[in-house]
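Since the structure comes first, as structure tokens, the remarks are kept for the end.
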Amino acid sequence: MDIYQENILDHHRNPRNWKLLDPYDFHASDENPLCGDTLEITLRVDENDRVVAVGWDGHGCAISQAAASMLGEEIIGKTLDEIKQLDKDVVLDLIGIPLSVSRVKCALLSLKVLKSAVYNLESQQ
Amino acid sequence: MDIYQENILDHHRNPRNWKLLDPYDFHASDENPLCGDTLEITLRVDENDRVVAVGWDGHGCAISQAAASMLGEEIIGKTLDEIKQLDKDVVLDLIGIPLSVSRVKCALLSLKVLKSAVYNLESQQ
Amino acid sequence: MYDVARIRQDFPILSQPHPSGKPLVFLDSAASSQKPSVVIDAMTNYYRTQHANVHRGIYALSEAATHAYEAARDKVKSFINAEQREEIIFTSNTTGSINLIVQTWGRQNLENGNVVVLTAMEHHANIVPWQILAAEKGFQIKYIPVTSDYLLDLEVFERILSEGNVKAVSVGHVSNVLGTINPVEHIIERAHAFGAIAIVDGAQSVPHLPVDVQALDVDFYAFSGHKMCGPTGIGILYGKRHLLEAMPPWQGGGDMIARVTLEGATWNDLPYKFEAGTPAIAEAIGLGAAVDYLQGIGMEAIHQHEAELGVYARERLAEVEGVQCYNPAPPYASGVATFTLEGVHPHDLAQILDYEGVAVRAGHHCAMPLHREVLCIHASVRASFYLYSTREEVDTLIACLQVARQRFL
Amino acid sequence: MYDVARIRQDFPILSQPHPSGKPLVFLDSAASSQKPSVVIDAMTNYYRTQHANVHRGIYALSEAATHAYEAARDKVKSFINAEQREEIIFTSNTTGSINLIVQTWGRQNLENGNVVVLTAMEHHANIVPWQILAAEKGFQIKYIPVTSDYLLDLEVFERILSEGNVKAVSVGHVSNVLGTINPVEHIIERAHAFGAIAIVDGAQSVPHLPVDVQALDVDFYAFSGHKMCGPTGIGILYGKRHLLEAMPPWQGGGDMIARVTLEGATWNDLPYKFEAGTPAIAEAIGLGAAVDYLQGIGMEAIHQHEAELGVYARERLAEVEGVQCYNPAPPYASGVATFTLEGVHPHDLAQILDYEGVAVRAGHHCAMPLHREVLCIHASVRASFYLYSTREEVDTLIACLQVARQRFL
């Protein structure tokens, strides 16, 4: 099935929260070296560790960028603990269309960066 | 065609000149390491460099031993120069039956040792 | 019930006429096995309908090829009961798998003063790579001797271990000459007790017996596709993940990298770190089909069948005057009968048997040290059995031996 | 007359339906070519009637297999006009061939202070093996840069040579990304003038152009079977005999030895010194059939056909708004069109094209340094043509690009 459904293309053309926050509480960036997709995420949380703002920046294919845009919307209002629980199905469900093996990595880059941010894994990059 | 014709088996069972000469004028020995066949040849020549006696010793398959026996008979009376001219067809003709690639090496061991002897290549062994 | 007649129908070559006009009696499966139709067809079908280069091709054909290639890895993983698919690396053959270990793990971990333990019954593939590296690094190779019963001398092994500095023990699971099934579980356990890693050459075991790498607790296990009903051009290396992770790559190139710059490169994840360049795609798919085929019949049943044939063959060989066999007694024996016939050189014997349609191997079987230094012969004749071999084929072999004796004596 | 319609009938996969239901438009032959029936059948037939392990088997089947295997070597020898059959070594792929050179010739001859010259357009297979050895030995790697015309900067090459200490120059004959046909004859001549050996990565040339290693006077030449209508699992290394003779072996094992004792080994003659273990027998036979097939059509005719398609494709691509091509002008161009489309990531483009049955490659094509450090992009789309490609397929590609543009913008 064609993965470039209207919602994917819409998020790709008009990415939500596509601007890094400054200041921020959490931050991480990563790259999928094989395809060159890059992603950087910033988060701001309230006193209950609940995400109040997301900002991201990146370059890559429509799948990786749309996934970042959708995931960013999804996590607003979630606690850091809830984010730590997220698994890849959340992203794949947001995409909504089955992805081939070679594209799953594109979709999951944003989740990987998000987790790095909340686990404070910045220094490992 | 079956290479174990009566003449081959006869030379195998009753090898001619199967005894090293002592003293000798020329000598060489070699081994086909892959199959373990060994051969040692001694020659005596007259004042015209004509072979007057051959003696050999060795172990190996019927083809390599019969070839040595036949070749030994063949070269008696030949000059060293004539022996240097011998090519592999002489041996293959003596055998008389087409050999498969894997057995040609067996047949040619004696020619190789003979040439080493007349070229005085002993030291290379 | 083990239905060998039905199994033979799966192998097209077994119903081909031999050049002699007589039926083919193929008794050289230890060198390379024949292939069932399912294996040949899997590859043909792949090339006719599915071929494209694997990995990172974003189109249906390449994804199908990648899927088929990786499915083969999963099949091999289950077949030898590896814990993770990342532990299965495709190479070119057993030889390639052992060279990989030696040139990566060995080059990284072995130095002057260390000892590597091999056995006097090893195939050249498990001797020469170690000798090459030893000449460069200066470590020592010690060999477990072979007893007059054609078994490994485990007392000497224990002594070698206690002499110290042993870093690796590498042994064949089943000898390709003697057919001896070595007590690798014990050997691995002892190697570990002395802090050494244990490597097993499984070229002659995986095709013939159930093998469970986790139960063995083996560190590396190497085998070939072509001896187990699979195609030529592919081998397998199993390695424990933590060891593979710590090893440097061997060959550099495409697919094994994460990132390359003009200054240097970083490595891809397992198993790809060790699979440089376009892999043997069709061959992996054929191997996967071979695994399915063997599992369908059952490795325990295959082993049983071959062991019985081995016993029968050695019994019948004992009837032939002048025959000497070089095989251990059960339970250490497998489906191999290796022998000499007095007065007839092994090469001549093999040739005469071929005139009768019987294919056996004659020579040192890539185990020169075993022949020269242990058995004290230059060559032997080996009849090796596989799932498709029959008692009638053994009978033909014996009848032909009698004829050969008559002709030569 | 070049009859592409007739040629297409030789390739079973080209008449298979694509999952999309549309006809398959296969434009990824530079990654791996499709196979004609004659190649598939040669291997099938081998497995069904002729398989046995090669070399030293004294029975008809093994001799037939050995004969077929060695006949393939002779075919390859003639195909690239090598002087001697001993100069043709079978490996696993181009990557394996280059690693062999680096780990034998390189390990023996390179040391701190030496320079190896590569180019910025090399495939990872001709970069990473050198980097791995350089990290160990301390020699330096210098890269010939790529000009804005997508050609090698030969002035810089000359400067590098004159800076001294160059021991080897290793270049791709045809770039797998740019399609650039490099002036290897000149490069080899200059390398020799400075006392360096010359190595050519022929993975993208042997399948597409006439290649004459003697005319080139090249020292080593590497290529793959699977890119030239042959099977996966086999590669070729040509080397000048005197160099191969002087080199130590790479992998140890069966077939590559003359004699093995527990203390050490001596090596077999060429080419076997470099072919350890059971070789890729069926694959060599398939490769031989591929050589026959390509020669039947004629390499000059194939090159002509592809070059014309390349010109046509780049002309048509220029009509598409937002397309940028990364290929040189004729006569340096070959049957490759590599491009980006503004606003559509290469991976998305490849995926959308696949929905229309068009298979192209998207990514860095195992040439990350070229993409990042020369073209300054992360990825590109590559359409690569072969003897079976048609103008209609180019037209389909262009039509689909237009559709993709519409959808994304």
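In this document, chain identifiers A, B, C and D correspond to the written order of the chains, with residue numbering beginning at 1 in each.
Just so it is clear, contacts are C-beta pairs under 8 Å (C-beta built on N, C-alpha and C of every residue); 3 or more make two chains touch, one makes a residue touch a chain.
These numbers come from a predicted model, not from an experiment.
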Farthest-lying chain, centroid of Cα atoms versus that of chain C: A
Inter-chain centre distance, chain B versus chain C - centres from mean C-alpha coordinates, in Å: 39
Inter-centroid spacing, chain C versus chain A (mean Cα positions, whole Å): 48
Centroid distance [mean C-alpha coordinates] between chain D and chain C, Å: 31
Chain D: positions in contact with at least two other chains: 56-58, 62, 259, 347, 351, 363, 368, 372
Multi-chain contact sites of chain A, meaning residues that touch two or more partners: 33-35, 103
Listing of all chain pairs that touch each other, if any do: A-C, A-D, B-C, B-D, C-D
Interface residues, chain D side, partner chain A - complex: 345-348, 351-352, 355, 363-364, 368, 371-372, 378-379, 407-408
Chain B residues touching chain C - in the complex, by the definition given at the top: 2-4, 9, 12, 34-37, 59-63, 103, 106
Contact footprint of chain C on chain A as seen in their complex: 33-35, 100-103
Parts of chain C lying in touch with chain D, wherever the complex brings them together: 12-13, 16, 18-20, 24, 26, 28, 31-32, 34-35, 39-40, 43-44, 47-53, 56-62, 92-96, 98-99, 102-103, 120, 123-125, 127-132, 135, 141, 143, 224, 226, 231-235, 248-257, 259-262, 264-265, 276-283, 347, 350-351, 353-354, 358-363, 366, 368-369, 372-373
Of all residues in chain D, those that touch chain B in their complex: 56-58, 62-63, 66-67, 258-259, 266
